[in-house]
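Both complexes shown next keep chain A, but they swap its partner, so chain B is in the first and chain C is in the second.
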Partner chain A sequence: MVEEQAQTSQAKPQAPAQVSDSQKAEKAPAAAADGASKGSDDKKLSNKEMKELKKKEKAAKRAAQKEAIGISPEQQAKNAESKIEKKKSSATNTNLKKQLDQTLIKDQGGKRIPAIFSHLETREQRNASSPSISHIVHPAILSLTLKYSTYKIVGSTPRLKNMLEVFKVVIRDYETPANTTLTRHLTGHLSHQIEYLKTGRPLSISMGNAIRWLKQEISHISIDTKEQQAKETLCEKIDDFIKEKIELSGQVIIENASKHITDGSTILTYGHSEVLEKLFKYCVIEQNKKFNLIVVDSRPLFEGKRLLTNLVNTNYNPDGEGLDSEVESIASSRSIKSQPITHENLKIHYVLINSLSSTILEDVDCVFLGAHAMLSNGRLYSRVGTGLIAMMCHARNIPVLTCCESVKFSDKVQLDSVTTNELADCDDLVQDINSKKPPQKKSFALEQFIKQCEEEKESKNKNNNKGKQQQQKKSSPEPDAQADDSTPLKDWKNISHLNILNIMYDLTPPEYIKKVVTELGALPPSAVPVILREYKNT
Partner chain B sequence: MPNTVTGEIRSIIDPVVSSLKRHQIEGDKDIALAISHLLMKVISAARWTNPYDLIDLIREVGTILSSAYPRKIITGNVVRRVLALIRDEIETEHNENANTPMMSSMFSLLSTSNNENHKELHKQSKKQMSDLRSIIIQGIRDLVDEISNVNDGIETMSVDLIHDNEILLTPTPTSDTVLQFLIKARAKRKFTVLVTESFPNYIKEAQNFAKKLAEHKIETILVPDSTVYAVMSRVGKVIIGSSAVFANGGCMSNSGVSHVVECAKEHRTPVFALAGLYKLSPLYPFTRDDLIEVGNSGKALNYDDFKLVDNVELVTNALDDYISPDYIDIYITNVGGFAPSFIYRIVLDNYKTEDNTLE
Partner chain C sequence: MSQAFDIKETYLKFLEEDKDLTMPIAAIESLVIMLRVKQPSTSSELINLVKSNIDTLKTSIPNAISLSAGCDLFMRFVLRNTNLYSDWESCKKNLVENGELFVRRAKESRNKSAEYGLPFIRDDDTILVHSFSRVVYTLLKRARTEKMVRFRVIVTESRPTGLGYFMAKKLREADIPVEVIVDNAVGYVIHNVDKILVGAEGVAESGGIINHIGSYQIGCLAKVNNKPFYVVTESHKFVRLFPLAPNDLPGSINRLIKEGTEEEKDSESMLSTHKLDFTSHEYITALITDLGVLTPSAVSEELIKVWYD
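After this line comes the complex of A and B, so read on.
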């Protein structure tokens, strides 16, 4: 909008100069004709330019009319300028969002998404909005966003916890500007932070719930409260929230769910879930159970490997006292008997999702699944692959349980995985196909910069030696063939009919799930809306 | 059984046996071709006076070959096909010589074949022997032709099975038959193909497969294996390749295929299995655990993660999957499409029940 205004304002002072004579009515069409002839001169006149021309015409007419009334062209110009200034001054924080939408980075020859998934937002689109508001974003948020987007922090619960911790920092460092109150201004300030946070990855359901809660808490603070005190109470409340909704809830869930793990049973789990990891540790360390655990894993995040690493790094003293990984060093100095829990008590069987069906499911007693969210229609929204495992276990009459804090409950309804989902970076599936490690990612800004540099280099090369390039092209097939061996799809973006789909979540129907363990008790999936209603009332 | 495999024949089969053992011959088609060429050599090199001696020899060679690569069913299939060929030849000759009236099929099913009597009858002249030899070798040549042109017969059905703008999914990117089938279908139809990655064993093949499809102007989408359930609601048909088809209608395929077909069943998506005739086997999958070959577990969990490897009880990396007949709607072979329940008839047409066990 601003830009357009500027264009018309430029047009205004010019046009009257052309038509300052008394033959205004004739000159205007003449100018139009001029424009038309120009158009025929160079046929590349784009639509936009045509529009500009028309605008000039109109401005000329209007100016002529105004002049006829008695306003001089100089005055008109002044008026226009003052209008623009007004516009500019109103571009405060409230307008930032609008600006965000305008500053889209143009898709630099990027891949379009296959038609059935074209409604999902790509990483490029998400990142497009980041640069323009980064100046009002707290550095802690910047670093958190980076950790989200590079999968350093992954999983619904850790993401929620880290976000709340960072919000505490943001609130502590926050200073209410003059002429406004904390209650009114802080919400907006936080919104910008969240807006930026979204560029890393979309908010999880639990994060959305927590943000809603926090905003409500902020609005509850009375205007008379001193800033320092208000900030302290908010931080305290966040601490309480973390303790109540995440840590204690987790504890209750673990105690409830641990009844399903008996000595000698075989448990299957998929990927990594914070609460399930704690559950397995609790069963071994606190309850002294011995059981088999089948960890199913999948590309590209290899979260099962993370669960594996965390379990292997947990030590245990069979003499009774449980020892956590944090006190590992002390434990090793005190008693020699301390050893990883995976040595004797927890027999781990690691498989990739493709090998699952063959024979492994035959002696599984129970399946534990993590959750990203429970939707109101009883469906489980979780890491992609969960639905597959739930389906297969259901078909073999293996009970499927899911552990889910009530923070993750959402009043959304969804019927299939394709309609709403998160699109991850397609390159994760192409790079390092044999690494068996989660993708090592650069930040988006860095990627953009590298791309830009490469493009500049290329254009320079083109200018410098066109002949040489042709020679290179002729000789290029050989190195290409070599590249084929390691990653055949290195240049997949240039293959026009090829697409790669990397979605993050899928939806498990309620029929497959026997039980949802929450801190409010164990329920069937059909009870999710009941919980939501009760939860809202309290 | 007398040891009929002489040193001469041993020297012919040994190189093939060792390359089978080392898994140097990959791909079902290549194995089938190698075996049939080998049998051709064996038959022309072997000295025999009685066709039943030849059968015994081939059976013994078959035993050696299938023990070289016990989980490949195709080796046995080819040997049995050749045996059936020889038996057919003997039968027609016998009928011509003896002019005995044709027995009813029911009767021959119930009667026990008493080879001993036949052996007495079949003291044949040298000329007849060499005739028989050339007929058998010609028969094997035909078999080789059939195996190498297997895709032609399958491809012709592609247009009947795929409609415009359909979304297909294939979890077997290793199958050349599937690739040719899709490429052929593209000539008349426009459609989208989802290809699963088949991590970790065939990921490179999957990427090459996707690339080839895209080069033939087929809209191709590569998806991770875990995404199958999420996208299945959009898929119109699932097309799988198979490495062996059993008489009960079940088949062997890549690992990961069985959960795809299970998903398809759950979503009521039809599943097509493509199989050349030579993949049909007269065996029944009684011990399913034995059918599945387990591969390098280092592909699932790197050995350099020694701390994990040390603490993990078991890492499994299955290479195959058994797919039960309930999950497959139609088999498409080079002799037409069949329901899984009908496969046993096709098997009976091509094999003799006497040869079901080679030993």
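After this line comes the complex of A and C, so read on.
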């Protein structure tokens, strides 16, 4: 790049007549080189994203210029909006709506998080981040995103499993456009899907690992492979991945961990974990053990209740083989012998995390914790509250065990739970104080739509009966007061200096964890980097 | 050939013949002999044979922790080798040959461990030793005779086996000044001790050790008093076990509870049956092994390397 410039600048004095030409020539290679260097900087960005980036840069520049001239940002926004609307008259409906949503969100301001957590992405910001791609998103991804964001699918393992299943659908429905190959194009296509998936909730560590693996697998497919065949092999590989990394490793972990549950022992667990649920069932049904289980739960997701109902709904035939109620509920109702596992073999106490006191911890033999991720410095990243439990149990000399598949291992290092975390919706903490049920959420688009309708109504009211408004204002406080009685924080967004924080995860230091059970064996938390090293080699 | 081959007898005979032989090596050696005698004709037969013999060994010998370390290692070795060779005859031949090589190497490892441990012993040291351990003995003896280090040793009595007296006798023969103390005097002398050396029955995955009963309390005292607590051991004693508490050893918990309730009067058996405890990794300064001087957390690394290559 430098050489080229030097050459052109040398050419300048020699041919003064061609100044304009040489200047053009100088500009062109420089620009090209500039583009090339950018391309090499962020190769991962697709063309489309590059364009978007450039657009944004330009817009920012223009905004700065205009502001210098004296146009306020509000006016700018209005101008921009009108421009966009003109431009996108041909765009799809969903696109338009998305654009509107974006502007609505920004009005809301959303600065209601404590300053220390302000770097984390709120739900609104997540939803606003990638509105322009919704038209190329596969419907299966749309529904999955909805399930994630409404907590229909929670927990690292179920999320991973469902994502891979949906990816299979996406791959099956995918058709390579002309002039490209599957190997090159499919990764980009998937990236868009993932980008949209992120608007529901941020990716979990295990999902990130699986996506990395899948992209690698796609890149390994040779160009000569026929499309249909390539798609089939990919789906098969995904199936294998699910089987090997989730199901079989779960089995191995369960077999290993079941040694720590002995007859008559008391086990404590927190929230809900797929592996642990299977472990408890396995110990009762397959190994015929009798033990006490303390399920600790917390607001606002009440995942412990899910564990509870799943365990209560599991039936077991003490004489014969274990029966799973969901499959054989009819059979179990016929045969008198089979009964719920909680009838005799499993005694469950259900407590909330704030009642975790000395009396409850008194004769706990062992604590089993689920994991969202194991970080390479041996720290456990899991549902918020885990750290508290681990600390309390460590202080009482109760061994703390965690069951974690190796897909959940991350090479990240994190020292506190502030730098990286997930912000959930603050409303979850405010609503449903009666704790009868987990938060029922509307989809984000619906919320925005309702808001939009309400605003339209308001503006109509304003225009039509400006005179009546004052009367309305006078009459309005009374019903509000009534509403305040029922839920004092209903209107919390209008209370200044009130911040509500709903954080999803926390970090448990390795000192508190005695043992990490993985499919590769049981290890102390200090051995996590070893697993990462060995695991990556294979 | 001879169907009357008894793995347990062979094993015990090996131990009888060579007093310096440790249990895992004896187990591996007897398994190699078993393979040579039985001459299995297919690989599945071979694997089944090894498996069944290991099971009989483990069940028939009361103290099976270090024994199982050797057995598991050999099993792993067999499984890997049967996959390696396509030709059955060469596989079998290799197995027996390599098995012998394996045994030879394992025997050398004690000297290697001692070699790595030599720099730890200095002039004017007072070293506390618990029970009898062949590796610790080799290390101390070599430090005295080869390096001419002048140090003194305090040996615990090591109830209920009383192996401490045996250790003291052997050390005296090697011209090392020894003093025997009762087990509950460790706290009394620990202030004057410079370092603590113990052997190990087995090294758990966490880097903690399974050793003669009483090691745990010495470990605790050492930690409180900031005295270095070294474990001298061979790498073939690394076991795939991960006890959570000092009494969390296979088979020992249940026995403790039962005897506590049913045989309360018969206190003699309570006193004499418990010979092992588990010292967790936070009490151990370093493990001196034939692979070098390891921190406790490096043990799991070595174990993973052995098992997942």
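By definition in this document, the second predicted complex is superposed on the first by the 418 of 538 C-alpha atoms of A that agree within 3 Å, B and C clash if a C-alpha of one lies under 4 Å from a C-alpha of the other, contacts with A are read in each partner's own complex, and residues count from 1 in each chain.
We take it that a residue touches a chain if its C-beta (ideal position, glycine included) is under 8 Å from a C-beta of that chain, and two chains touch if they have at least 3 such contacts.
Treat the numbers as computed from the prediction; the structure is a model and nothing was measured.
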If we overlay the two complexes on their shared chain A, which of chain B and chain C does A:V252 touch? Say first, second, both or neither. neither
Using the touch definition from the top, say if A:C366 reaches chain B (first), chain C (second), both or neither. second
Classify the contacts of A:L532 with the two partner chains as first (chain B alone), second (chain C alone), both, or neither. neither
Once the shared chain is lined up, is A:I242 touching chain B (first), chain C (second), both, or neither of them? neither
For A:L146, select first, second, both or neither according to whether it touches chain B, chain C, the two together, or no partner. neither
If we overlay the two complexes on their shared chain A, which of chain B and chain C does A:L501 touch? Say first, second, both or neither. first
Chain C versus chain B, contacts on chain A by residue: B
Chain A residues touched by both chain B and chain C? none
Complex interface listing, chain A residues touching chain C: 260, 262, 366, 399, 401, 514-515, 520-524, 526-527, 530-531, 534, 538
Flag every residue of chain B that touches chain A in the complex, lowest number first. 167, 192, 194, 197-201, 203-204, 207-208, 210-211, 213-215, 217-231, 233-234, 255-256, 258-259, 262-263, 266, 288-289, 292, 299-302, 307-308, 311-318, 320-322
Give every residue of chain A touching chain B within the complex, in rising order. 114, 116, 292, 297-300, 305, 308-309, 311-312, 340, 342-343, 347-360, 383-385, 387-388, 391-392, 395, 416-418, 421, 429-430, 433-434, 436, 484, 487-489, 492, 495-503, 505-507
Contact set on chain C toward chain A in their complex: 205-207, 240, 242, 244-245, 253, 281, 297, 300-301, 303-305, 307-308
